[in-house]
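One chain, chain A, links the two complexes that follow: it is found with chain B in the first and with chain C in the second.
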Partner chain A sequence: MYGSTGKILRVDLTQGKVWDEALEEAALRKYLGGTGLGAKYLFEEVDPKLDWSDPKNIVYLGSGPLGGTRIPGCGTISFTTKGAMTNGATSTQANGNFGAFLKWCGYDGILVQGASPSWKYIYVHEGGAELRDASYLQDKDTWETEDAIKEELGYKERTMSVFSIGPAGENLVRFAGVFGDRGHAAAHNGVGAVLGSKKLKAFAAARATNKLQFVDADKLGEIAKKTTEGAKAFGGGGVFNWGTSRVVPGAEAGGWLPVKNYLTDIFPEKDLFDGARVRPLFQSKNYPCYGCASHHYELMTVTEGPYAGYFGKEPEYEQWASWGPQIYQTDPGAAVMLSNECDRLGMDTNEAGWVVGWVMECYEKGALKKKDLDGLEMTWGNVEATRALLKNIAHRHGYGNNLAEGVKRAAEKLGGEAVNWAIFTDRGNTPRGHDHRGRWVEMLDTVVSNTGTLETQMLVKNKKLWNMPDPMDIFNPEHVVAAEANSKGSMTVSDCLVQCWFTSFNDTETQTEAINAATGWNMSLEEVMKVGRRAVTLMRIYNLKAGLTPDKEKPSPRYCSQSVDGPNKDKPIAPHWEKMMDRYYQLMGWDRKTGMPLPETIKELGLEDFTK
Partner chain B sequence: MKIDGDICIACEACLPYCPMEAINMKDNVAVIDQDECVDCGVCLKSGVCPVDCIIFEPAPWPRSLRTTFSDPRTEHKETKIAGRGTEEMKTNDVTGRFKRGWVGMGCEFGRPGIGTRFRDVDKVAQVLAKHGAEFEPKNPVTFLMKDVKTGKIREDVLNEKVLSAIIECIFPIEKFKDVITALKEVAKEVDTVFSVECINRADPDGSYPLRKLLVDLGIPHYINGKQNVSLGRPLAEV
Partner chain C sequence: MSCLVGTRGEVIIKVNIEVMSWLKEDFDHEGWDKLFLEETVSQGTSIIDLLHLLAKKYPKFGKKAFADPNQSFFDYCAVISNGTFLSALAELNTELKEGDNIKLSPGFYGG
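The block that comes next holds the complex of A and B.
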């Protein structure tokens, strides 16, 4: 088979067994890989009524048809499972090298089922795979785990990719993620907690000889070049040269930087967090993913302030947002430290930011006191208290045990007015590190998400193809709904291909060319677009069977509140919400009462078998 | 130069930096064609590799020549000269190496993008020797000659490729026409570009003896003082 290894690795942790399972070409063409294939496995193998922590839950770690090619962004992996935050379908991606190495080792993906009686990790190498003892890795953080496994097996930096859970995953923190290749994160919807419930500490893949077969390798080489050129050109090369490191000042100007748990949209110190200032100051060095020439991912050493000397990865925009403005502290060095501590403990930085910001607001307003918080003084911007609180959460120590449930459940448990201060959706997931009151498309997307995170992106490269409003008014309810509904699946195509958005920018046309050059399937654009929509719809049907009802598709009061200042203070979304949802359901071809995709929608996507 | 294939991430960033176009993608990593690479180190010195997987380990003889000829920062162990040749005609006002009645000649082989092998240098050197040229003893190419009388270069280095190399020689002006004619002939067998530069001391009246010979040969000429070190105050008796 071209473009695929023709098999996945099956791992049964209950029995301690691994074996190869053949892939069918027809299924690959229908789902491509990654999220699509994962959704199919989830649907076929996990009863939607089961709890996420049931040993019968699965975790699918997948690459896609382009994994192992040198098209930039194809070292990425996608995780699919029944997640701990929503107790529903999950799709979350991490960049790095694992996807490429895994395919060179001879597997398109790893499907984990069961639960192990003792801690294990999976080691994949040239010619096979094995389950190994991970008891010595217990309580190690994600960077330490990476180091320890490489040392145990004798691999040097970059000749092996390791993705692991930290203490948070081991302790079933609901928003625990999987972290690897020095801080790349697949952290949405609690995939780390699911792995913790299975006592699976890590995945390790060695760099092996590439024996993959592609229909037109030369063409793939051309597409690799074209993709790099496209990435260089996109947005004037901002992302190619700077990653997301320069987003904070612009986000503040646009009123979509989360500041002080949405209590304000003004952050005067924004420029301190600008990558153009921070990168040279903190001796940043490029640490790219396989196949990628962009300067998105860097490692750095803090050079000033109380955390001078701290070494770690450069925070992504969302990490700057969480550990700067959201907790209202202004030292970028402290933000580097907290970002990396959170990664090392193995928690989603977004949710952790919403949790800590909420705790600080509760502390300020007296809803939580020092004695409730194990002696921590959670004043705004208190870095050391935040660091200690993160540790408590990861180890479920003291009040950290409540917070480990995520901000929604913690707020509901505390009760009273404090529920109205928390940022979440009624489904249980939370936004990325934005103030979505200034990004309506993403608020809608987060609320209706069937993956636990974003399913679409306003910045679609082929606007016409996806029928995006152009020009787009981002505060026009009609435009917002159309953008969200029409581009549904564009992001998911990338997640089925398992290609990093920051290289592809969801350029569906180039992706289609690449699929065909890899596989020889000669897929049409329309067929590829449908793959994305199919995966999303399949996850939706699954979630409905798992108990999702349309009334849960709602932002929390704070999440959709009116901005109190900044550029968007006169732009409340709440008055438009119900109407927007009506229109959204209509455009998606979903029943407004049940939330179920209509029979014709299901038929169009070839999902009839899944609704019986 | 080599690339550690266990580390390379195939980002292709190094490809445009190679003056020999010797870096290509193969099986998902960048690979340096060892036969074409001249060990100039431009790829490494550019600092462009994001994962630092470009490696240079000094090679044993005769490959070591590639670096000494191609990387202007290295010194020839044997001649203590950095780069491709001596100061040749640049400082003649001070050194007086080229006197009246003599022609100093340099033949420059290769350029970034093409390079040269000593096999080609050898062909030209032999022709020059046959027509009575004497080679500059401090020049690194001269050092590679088995016999300076014949201009024959050692067998073991003939296949070595370098960014560029220069023969430096001197001969009586009477032989100039024969030398040029022979060079034009041998050029047909040379598998790279090479250029020829000459120095000839002007007569006291300011006339330039080579001018007539060049006109006779039908060679357009451009008289350039090569005093790019310095004009200098005349010191030598020429």
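The block that comes next holds the complex of A and C.
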């Protein structure tokens, strides 16, 4: 089969067995791979009423039809499971090399079911796959696990890709993620906790010989060049040249940098976090993902301040945001350290940032005291207390055990006014590291998203194709709703192809050309767009059956509060919320009361079998 | 308040511009230190006129911000005027006043 290995690896951890399972071409064309295929498996194999920690839950880790081609961003992988934060469907992606290596080893994906009685990891190589003992990896952090597996199996850097959970996943911290290739993260909605519940510590894929076959390899080469040129040009080339390292100052200027748990939007020290300062200062070196020429991903060594000598990955924007302004600390070196410690412990930096910021506000206002927090003085900007608290959370020590449930559940347990200080949605997830009071589309998306993280946003190259308002007023309720509804599925196409957003910029037209050059399917643009909408709708139906009903589509009071200062202080979203939701349901073709996609929507997407 | 008068008798005003983040590179400015510009324009100039003026003066910016010379909108970067985020196209037609502070920041979505 062109563009596909024609099979996945199925792993039953309860029985300790692995075997190959054939893929049908019709299913691949309907779902492409990654998130789409994962959603299909989830729907078919996991009862929506089951708890995320039930051994019957599955985790699907998948590449897509472009995995292993020379097109940049196609070493990415997508995880799909029933997540621990929302107890609903989720899909979360990590860049790096794994997707390409997995396909070269002969698999489009790995489907994990059951739970092991003892710790295991999965090793995939040119000759097949095996389950191996991981008992010696227990309590190792994600970087240590990567090193230990490579050493055990005799692989050097970049000849193997390892994704693992850290202590947080082992201890079922609800916001544990999966981390690999030196800090890439599939962090959202507790996929790491699900793996922990299965006692699966890691996935390791060797760099094997590329035997993949594509219909038109020359055309794929042309598309690879075109994709790189497109990435260089998009948004003035900022992401291509700088990754997300220069976003903090601009975010503050635009009023969407989270500062002090949304207590302010002013962060005077923002320029200290500018990548143009930090990269040369911290001896940053490019560490690219498979097939990518951009300067998005770097490793660095802190050279000044109390954490001089600390080596790790350059924080992504969201990590700078969490470990700088959100906890109100101003030392970029400390932010590098905290961001890497959080990754190594195996936790989602966004949720961790909201948790720590909330604890600091509670501490300032007296709702939590030193004695409640195991002796930690959680004043704003206290770096060492934050470091200790992260460890306590990952190991569920002391008050860390409450915080390991995420900010919503921790706040509700503490009760009183403190609930109103926490940033979350009623489904149990939290936003990315932004102040969405200055980015309404993303607030709406975070609240209605199936995955527990951003599912749709403004990062769409073909605005006309997806019928997005253009020009758009980002504070006009009608524009916001139309942008969210009309472009629904655009990013999911990338997640079904499993291509990095920062190389594709969700350019559906080029992606369609690439699919056809890889597979020979001759898919139309409309058919590709439908794949994205189909995956979204499938997860929507699943989540409704799982109990994620429309009444839970609500931001917490702090999340949708009015900014007290900064450039968006006069732009409250709350007065518009209900009308926006009504209109959104209408545009999506969903029943306003039940939340269920209408029969014509289901028929159009060919999902009739999933509603019986 | 005193004001400047141009050669044709028009009233001249001064406005301050701060360019943020990687947008500085479009203005031939490397590094992380702040980039402040001061522009003198005739009274009646709007914010979008100012952006066109900057586009002429800084060709890298002009090429990216007004890729299509006939475009009827501006969405290359965020514009913050005197501390307020301008989100609607119509707001770019606002007339500049003496001492206005304009910030230009890259548009960015994603993680």
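Just so we're on the same page, the second predicted complex is superposed on the first by the 612 of 612 C-alpha atoms of A that agree within 3 Å, B and C clash if a C-alpha of one lies under 4 Å from a C-alpha of the other, contacts with A are read in each partner's own complex, and residues count from 1 in each chain.
The rule is short, and it goes like this: a residue touches a chain if its C-beta (ideal position, glycine included) is under 8 Å from a C-beta of that chain, and two chains touch if they have at least 3 such contacts.
Every value quoted in this text rests on a predicted model; they were computed, and no experiment measured them.
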Q) In the superposed model on chain A, is it clash or fit for chain B and chain C? A) fit
Q. If you stack the two complexes on chain A, which partner ends up touching A:A224: first (chain B), second (chain C), both, or neither?
A. first
Q: Look at A:L459 in the shared chain and tell me whether it touches chain B only, chain C only, both, or neither; answer first, second, both or neither.
A: second
Q.
For A:E318 in the superposed arrangement: first (chain B), second (chain C), both or neither?
A. second
Q | First, second, both or neither for A:P72, with chain B first and chain C second | A | first
Q. Where does A:D570 make contact in the superposed view: on chain B (first), on chain C (second), on both, or on neither?
A. second
Q) Who wins on chain A residues touched, chain B or chain C? A) C
(Q) Quick check for you: in the superposed arrangement, does A:G238 touch first (chain B), second (chain C), both or neither? (A) second
Q: Look at A:K552 in the shared chain and tell me whether it touches chain B only, chain C only, both, or neither; answer first, second, both or neither.
A: neither
Q.
On the chain A superposition, what angle, as a multiple of 10 degrees, is formed at chain A by the C-alpha centres of chain B and chain C?
A. 70
Q. Across all Cα pairs of chain B and chain C, what is the smallest distance in the superposition, given in whole Å?
A. 21
Q | Shared chain A contacts, counted only where both chain B and chain C touch the same residue | A | none
Q: Quick one: which bits of chain A touch chain B in the complex? Just the residue numbers, please.
A: 68-70, 72, 97, 100, 156, 158-159, 207, 209-210, 221, 224-225, 228, 286-293
Q) Can you list the chain B residues touching chain A in their complex? A) 6-7, 9-13, 25, 27-28, 50-51
Q) What part of chain A is in contact with chain C in the complex they form? A) 235-239, 241-242, 244, 246-247, 249-251, 253-255, 271, 274-277, 316-318, 432, 438-439, 442, 454, 457-459, 470-476, 501-502, 566-568, 570-571
Q: Spell out the residues on chain C that touch chain A in their complex, using ranges where they run on.
A: 18, 20-26, 30-34, 64, 72-78, 80, 83-85, 87-89, 103, 105-111
